[in-house]
């Protein structure tokens, strides 16, 4: 049986960053539901948890570039997928994240 | 004849981590046994033993990120399989483990 | 729903550089619109935003070679594409940019 | 003519480890000989000799992780095979060995 | 519209070297024009501009091996092509250049 | 015309080791000549000459692991072949040699 | 038009070594000319010019292992070919040369 009670119990290791992709609109502005094939995947994600950071050559932690709550651009490929119930998440290495999205 | 009396006799070398995958439910909540093809493999594993750690450039050990008893997310591919009797185990490098699962 | 309100909200991470390709003329000098297949893609781009710089071995930031507003030659392949509305942008690593175009 | 008088004359170089795979049972508990195809190869091996260790960046030897007499888990692939008479041996790099088997 | 007014406006980045291939004779010594297929490409080029140099591990610039005006042997493959009007140029990394041609 | 008067005129560069494979018996113990296809190639070789050693990061020579006259195990693949007259030799990098054969 | 007046005008860059392959005999000892297919290519070459040496991590030049006039064994593959008139030359990196041939 899965040991994962909630996504909050996932603590990424080293420089890994746990993110969840931001869902694209499945309704038009006018409220019409779009068929699934018309919903484009976004490469935007919300940071849920960050690891303690990778180790540099002197054994010191390299501070991750992002924090939980940040919105980020993720690369089109890569990342390790995790599925909990019906929700999908991904783990990226810190250096794989492309950009922060400021609001 | 196998020299392995028990999984407890396996002492991983360097930064290797001995884990056993957590088994997925093979029964439904109502107690019905599921056919094997319906039992989804989980990427969750329990840490059984950790190596002394890899060596950094000055020859000092790099402390592993996990401890025996920890639950971890393992990558979908990779790891070295070990089979003892009917049980299957895997050895991963410390940096291959994705996340710790807190309870 | 996309979290990106405007391209100005994209803050590249590490040594990444956000650029937009300079559009080739789609009209001749005489004002005749060219069919799309006749419009050659240019490898020239305008720098819109630069990351804080990658980290060297001592953990210090490496200053990016370009600044917002610079015009640059980009390689023919590579870069991570971003699409916002109808506009296309790319993220390159600083060391992938070929040359600055002085005016 | 082979210069190797006995396996004891092999002195591995650098971080190489000379091992011999532990043979699987070819008889059942009741004494019945098993056909060869039923004898499963084990990934367990006995360490026969260890090299002086590889060199780190300062030119100092890195102490091997195992000693002659140790039993080890070897990876499923890799290693350099040696055949002396009818016996087969393998040479692994120290960091390729997976685990020590304690008794 | 291209931002490049002239090849002189290209300032290579890091250790990149802007060169133009030296054109092979398209006439014989006697003044007869050769058909294009008989004109062999030369791997000789003239250096037009040099970048400030790549960065070593201490963050200092590594001085390029060539200067504008130098003639050089370039490798048969590689380099990033640039086209300005009808003229073709290439950008090479400093360490890719094979030799200087003294006169 | 070959500049090589004798194999003794070959002075390996850097960490290269000149070896000659030890020939397998082409006669049985009883003096019967074996057909060529029955003569198994041995991975044993005699060291004929050693280079001055490769350079470490401080520019100091790394002492080779073997000396002329040593017998060694060579890997099944790799090495640069040299042919002088009818004799065949090989050049290996020092770290490619597997083991010394003590007598 | 080629800028190369003579092979003596080629000054190799960094750790590159300009060599010319030593031609195999095209006559038998008795003076009979051999058909071209019977002339075996030799992997022996004469060093014509050496670069100033590559740069180590402190930016100091690494002295090349050979000097103009040296005879060397070159690897069977690799090297950058140069053709001047009817003569063929090659550029190798210093570490690619296999051995010096002493006379």
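Going by the order they are written in, the chains are A, B, C, D, E, F and G; count residues from 1 in each one.
We adopt the following convention: a residue touches a chain if its C-beta (ideal position, glycine included) is under 8 Å from a C-beta of that chain, and two chains touch if they have at least 3 such contacts.
Chains and their UniProt names: A, B, C, D, E, F, G = Chaperonin Cpn10.
Given the structure is predicted, the values throughout are model-derived calculations rather than measurements.
Asker: Chain B to chain D: how many Å between their CA centres?
Answerer: Roughly 24 Å, centre to centre.
Asker: List the centre-to-centre spacing of chain E and chain F in whole Å, with centres computed as mean CA coordinates.
Answerer: Computed from C-alpha means, the inter-chain centre distance equals 44 Å.
Asker: Residues of chain A touching 2+ other chains?
Answerer: In chain A, residues 57 touch at least two other chains, as defined above.
Asker: Does the chain-touch network form a line, ring, star, complete graph or other?
Answerer: Graph shape, chains as nodes and touching pairs as edges: a ring.
Asker: From the touch relation defined up front, give the order of chains around the ring, starting at chain C and going on to chain E.
Answerer: Start: chain C; next: chain E; complete ring order: C, E, G, F, D, B, A.
Asker: In the complex, go through chain D and note every residue touching chain F.
Answerer: For chain D paired with chain F, touching residues are 1-5, 9-14, 16, 18, 51, 55, 57, 59, 80-82, 91.
Asker: Residues of chain G touching chain F in their complex?
Answerer: Per the stated touch rule, the residues are 22-25, 42-44, 56-57, 60, 62, 65-66, 71-73, 75-76, 95, 97-103.
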